[in-house]
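Residue numbering begins at 1 within each chain, and the chains themselves are lettered A, B, C, D and E in the order written.
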Amino acid sequence: MTTLSDPPKSDFRIGMLLSDTRYRSYTFQFIALMAIILSVSYLVSNLLANLDRLGQDLSYEFLGAPAGYDINQQPIPYNSQDTHLRATVVGAMNTLIVAFLACVTATIFGVIAGVLRLSNNWIISKLMSVYVEIFRNIPVLIWLIIIFTITANVFAPIAEFRIPRDGSDPARTLIFGVMAFTNQGVFVPRLTFDAGGMFVFWTFIASIIGIFVYKSYVKKHLFATGKELPFWLPALAILVVPTLVMYLVLGRPVGVQLPEMGRFRFEGGLQLRTSFIALWFALSIYTGAFIAENVRAGILAISKGQTEAAAALGIRPGRIMSLVVLPQALRVIIPPLISQYLNITKNSSLAIAVGYMDLTGTLGGITLNQTGRAIECVLLLMLFYLTISLLISLFMNWYNNSVKLKER
Amino acid sequence: STLDEVKARGTLNCGVTTGVPGFAEPDANGVWQGFDVAVCRAVAAAVLGDGNAVTFVPTTGKTRFTALASGEIDLLARNTTWTFSRDTDLKFEFVGVNYYDGQGFMVPKDLGVSSATELDGATVCIQTGTTTELNLADFFRSNNISYEPVPIETGSEAVQQYLAGACDVYTTDRSALAAQRANFETPDAHVLLPDVVSKEPLGPLVRHGDNEWGDIARWTLNALITAEELGVTSANLDAESGNPEVNRLLGREGDLGAMIGLDAEWAKRALAVGGNYGEIFASNIGSETPIGLARGLNAQWKDGGLLYSPPFR
Amino acid sequence: MTDTAVNTSQMQISDEVAISIQNMNKWYGTFHVLRDIDLTVQRGERIVICGPSGSGKSTLIRCINALEEHQQGSISVDGTLLSSDLKNIDKIRSEVGMCFQHFNLFPHLTILENCTLAPIWVRKTPKKEAEETAMYFLEKVKIPDQANKYPGQLSGGQQQRVAIARSLCMRPRIMLFDEPTSALDPEMIKEVLDTMIQLAEEGMTMLCVTHEMGFARQVANRVIFMDAGQIVEQNAPEPFFTNPQNERTQLFLSQILGH
Amino acid sequence: MAQDHSTAFVRTQEIPPAPPPPGETGAVHWIKTNLISSVPNAIATAVGIYVVYWLLSGLIPWIVNGTWVTNNIRECREVLAGSGGGCFSVLTERYAQMLFGFEYPSEFYWRPSLAFALLFFAVPPALFPMYLPRWMLIATGLYPFVAFWLIWGGTILTPIGALAGVMVGYYAFTKLDKYGFAAALGGGVVGAWVVWQAFGMIAGGMPGFIALEAVESRNMGGFMLNMILGVVCVSLSIPLGIVLALGRQSSMPLIKIVCVVFIEFVRGVPLITLLFVANVVLAYFFPPDSNIDLILRVIIMITMFSAAYIAEVIRGGLAALPTGQYEAADSLGLNYAQAMRLIILPQALKISIPGIVNVAVGLFKDTTLVSVISMFDLVGMIRGPILSSTDWAGVYWETWAFACILFFVVCFGISKYSQWLEGQLRTDRH
Amino acid sequence: MTDTAVNTSQMQISDEVAISIQNMNKWYGTFHVLRDIDLTVQRGERIVICGPSGSGKSTLIRCINALEEHQQGSISVDGTLLSSDLKNIDKIRSEVGMCFQHFNLFPHLTILENCTLAPIWVRKTPKKEAEETAMYFLEKVKIPDQANKYPGQLSGGQQQRVAIARSLCMRPRIMLFDEPTSALDPEMIKEVLDTMIQLAEEGMTMLCVTHEMGFARQVANRVIFMDAGQIVEQNAPEPFFTNPQNERTQLFLSQILGH
């Protein structure tokens, strides 16, 4: 019948730029574009004028120059003769380390607090409310500093662990002979891997995967035969036995290195610096309060009817949790949870307040300062966080789409 | 130009530390006092005629250069070391040296350390964004010993951490170490190690590019030094003098002020605020004060020190 | 409705006791919800419970299923005494199926998964067998073709039928219904009631809270009227509707039959 | 037959409700169900009680034995003599610094205090629109100008001029909106700008006209600085957020892209990096001789930051409106500007209030980050001048507790309000 | 309904053209919603449009009001050609009032404010005058006493009447209705239809999408049947209902008159 053809063209008058809906939006966009170009070029011209006045230029060459400063926490080897770029990478890794760990612990805190807040024990639920309200309503920076202050002033001075010069016994020794809480950080044992150590390590990883495999086997078996196999005991065995066997077979290639007092501090072992602990803990406990709220809201969002229906079918409370409530609650909880992870990552930039050498401390701090390359450094810094945010948001969109409940 | 801006504004924006006793610190009434502050006041007096026409902007080791580069401050008098890269790459102009210093280490006495080379494995508090941070890395590397750096933003926080025992050693310019130790509850429990690991010529600086303004700052500082050399003190500013250089300095002969865009009495006003270099030194950080620094390198050249002002001619 | 099926209220019922409630009392805090409830249900009996809102109908049948605790008196189901003993509760719940007003299907599971969840995890039926049973009951409630959809994709009436099928998959000997049709649009009520009638015809013991008087007439052996936590009157449907004894029953009937 | 069985009976009289059996009510019952209903529950109770005891046993002596009168930490320690009390005298001595910073002239403390007190008259009309008459919104509208004048001082002509500019701009906007939204916006901005220029000249000429002594921005500090940043940035970011949200909904791709990029960019980076921009980068983008001070640059960046978050909240509000509202407005012949101003925004903003309040609380907490770029807000004051002073070095708990209490009271209050408001909106008559 | 008022379909209509649509086509993306629509409406004519769901009825009348753009053909209202020229759009919108299925009242404004908003801001009528007009029309739709309530406080029927009054306040010469009664409970439909009949009696040009066949019989001059984006049949109500020509019309009528 009819075919698609262009609408009749009316003659163009200049007034139509404003009065005609077809051209109007072009006019506005053009004006907007001009305004944007004008303001951007104004800013850029100011920038150039200022750079010119100060005799500076924009260049990233400084990234190749030796950094000259030391970083105390080095996930990859680094010394002061390495480049600023490497210092930047070290900082970025430190950011990711603390952000990742904080995400894990914040989730743990949050889930515990959120669930306990719903507990029928009055004291516990009230205590959790107090925790949530107090931590949510006081700036994270203050918590960070308070926790930093606690570690620096409440933990025992490391001097008390030192061997006095007269050779007498130190005032304090390692707790259980393995770890020490001091005002310079927490010292814990570290695993050392000999030649075959990696095999043991990978065996251990494989065992963890094995537990999940076993779990799905248990389910499959139940589905197939209606017999439920025991889970916890075999899981424990899977976790321990292969690793142990590997360890013994390979001739004990994994050792434990205990912290040992040197001249000034513990050597060997693993040192968790106060700045790291403060940042990690502050981010976890602060964000945990928010996550607790999300968890609580998620569980409350599952109507009582769901639990009752499951109970009426004879399902036991534990199973009701795992089969009915959690799968639904997670859909509600996970999106806000991911944005909390995003917040943790962004808030980890507060590291600078306690001297933890994350990206903000290296690139945005010392490098910026020693080189004076403010614009370049800040730009790079923003780019890094932006990339992480976008990745996390992409993941979140994907997740949201994949769990959307089917509706009519 | 900066001079016009400052005159139009009526106050001098001067960057100082966030607080180092004797060098720059607000007193109980909130009035800034100190050795670096005196330089600011002298410049303000020379330019504006009023030593109190200064807005002090506290800066940390990190923020100081951006504050100066962005024009937030006109002059930075903040125990800043004159280095090659700051002068050239960061595009600043050091107008002189008001304190010849070197980097040192402070440790608690009962740590039983007598030299910096014994510090292998120690935890060291440093201020980030300073030369001391870089010197420290160099020192330990060249001596092939390890250390654990604890980077900290401001001097006062570094002191807090040090006193809390969160670091074993605190390192910065020896002058600042001495000044801060003087404020300790028990100064005697801490010692400065004899090692001086760097040269730290500290002086005021301005932005590159405005040489007139740089000249004013440079010659105000020189005026303070020359005045001491010539025996001009805040007490005898009005006394007749037979020395032609004194008369030139105080504007009684010639017109040096006009050459830098100021009036004849500029130097006299600058000297009237806190006196000459020696007076400023003595009243803020000298041996009579709690800080108790000796003149040492900072004596006049005639007395075997390094202070040597070009002539006023 | 009455014309579509045989009137089941005349069907034979056994004299085995399915549920026996003796002198049961329940309080919420200080509020006395159920007072001195005495009720014996024979196997195969179909009982309709009605009464004004808040009279404790839901509470009563929820007590039978141990969804609520009672504080005094005894309830026993199929000879098992309902106590706080977990084993007894489990036993009773596996005997008794329940349908709720708001269906309470599990929205994250397909219809088939909804129906097989409990058989697999509680009864430990192999999955395959459980699915076959589920399909059998889904066919019975006439929606086998929806098995792989999610509850959100079905209409209210279909959801309620799934809920019934889900209960049946546990092969209960007694079914409790709590106003199964009151959240439904009028055109869907019929399909659910038809399903329930079919169940009744097969001889299932049923306790049903409902205000569908047509259903009561057609299906019930006995109608129980509750008010203020008490069983005020109980009788076979005919005498109950035509000749209520208690004045509150009369009032109530005049209201609900009025419109 | 069905009637054969014997149980049928009919109650003839009502039995009165019996009192619940003992152990079903009262304190004992409460304890039984809430504290010791099972073994794990009882253990949890024990743990909970122990935690509470532990907290209180530290807290109570600290507060009860505390001293409020000494002059420095050494005196204080002598007075306390190990009793476990707190050195609250740091608060009595330094509270003014913590509240106002150390450079705000002490004889003028009454001015910010008054401004703060006035906040309680200015805010309720905006937050409780359903309970207070509309005309009280005038107080809200006037407040920023009054508060500005009180805190910064200077001639009264400055705030009057600013107010006049805003009013002229708004008037021009309403008069021009029949020519389209862009024209109205442009006209409003131009109108306001002209008035500001004019008043700028007048005020410049008469700096002493009904003047309070001027205080410079850099002298603002302490909790006052947090309040200023919070209030100023949130109020400024609401209009900006509205514009961004509308832009993001726009059908014009260019405008939409610009808004989306701006919003996502700002939301993707930590506030600290934006503060770095304010501190070390922004000055590069201003003309060489303009001397925009740090607090202003910080306000610009924080405003942009919160505007992006508020834009997202408002976008949610806009999305919640049925399209019928837009169509009805269209079919009545209202143009875009009118439809937005009269129909869409009033409803969208109302839905968005709880979200905006949440953003505001978060932002207020985040104002403490300015201490990282060496501004002396409450946190900066405590970390810097107070804890590093010879007198009070080492009194962490007291000072930080003070800071915590200030923030907690404000933030908790606001978030409770927001929860209340959410409930209110849910049960609204619509 | 037919008994309450005169049958207006016999009323005189002028031969002035109110709306003329020629060869109009519209696509949503590649979906051809309206095909070759030709329609001329005389001033004073009352047209009822009916047709199955999705046939493009709403789209058609929304095009007349420029709520949707058409891509081919021309629409002119009162001699003004509907183009993308804003001035024309404004002109047409001020001539044409529209009522929606979901009323679309502004919930944050009182009834009176709803009615005076457009006159004040678009027509620049002084507030006082606008309020007088509003009260006049509110009286006409018989709810003057609700003037200071909010829409949320009114019943659906009242809301729809307010929506009509709101349109009338702009003194349109043509009214468009898009299923004005289909979101209403049965008992409210009548009050709205009565209002519309009253309007019709006063000689308003009306285009009304509705399935109220009683209304169509009583009021319409012409009934238009649309299917799949086309005008399939148009005729005066009597012949249309009693003797539909097209087979799709027959089918449709048998369905909607069936229940």
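One rule holds for everything that comes next: contacts are C-beta pairs under 8 Å (C-beta built on N, C-alpha and C of every residue); 3 or more make two chains touch, one makes a residue touch a chain.
Predicted model only: the values in this text are computed from it and were never measured.
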Chains in simultaneous contact with chain B and chain D: A
Chain E and chain A - chains in contact with each: D
Centre-most chain [mean C-alpha coordinates]: D
Per Cα centroids, the chain farthest from chain E: B
A-D compared against A-B, more contacting pairs: A-D
Computed distance of Cα centres, chain E from chain D, in Å: 48
Approximate Å spacing (C-alpha centroids) for the pair chain C, chain D: 53
Separation of chain B from chain E, taking each centre as the mean of its C-alpha atoms, in whole Å: 84
For chain A, residues contacting two or more additional chains: 18, 24, 53, 153, 352-353, 368, 374
Chain D residues counted as touching two or more neighbouring chains: 280, 283-284, 288, 383
Interchain contacts (touch definition) - all pairs: A-B, A-C, A-D, A-E, B-D, C-D, D-E
Touching residues (chain side chain D, partner chain C) in the complex: 1-3, 5, 7-12, 14-15, 17-21, 24-25
Complex contact set, residues of chain C against chain A: 65, 67, 90, 93-94, 96-98, 100, 102, 104-108, 117-118, 120-129, 149-150, 152-154, 163, 166-167, 170
Parts of chain B lying in touch with chain A, wherever the complex brings them together: 61-62, 65-66, 69, 89-91, 108, 110-112, 119-123, 128-129, 133-134, 136-138, 140-141, 147-153, 161, 164-168, 207-209
Chain A - residues contacting chain E, complex: 1-2, 4-5, 7-8, 10, 16, 18-22, 24
Contacting residues of chain C [partner chain D, same complex]: 9-10, 13, 15, 25, 27, 29-30, 32, 35-36, 38-40, 42, 71-72, 221-222, 228-236, 245-246
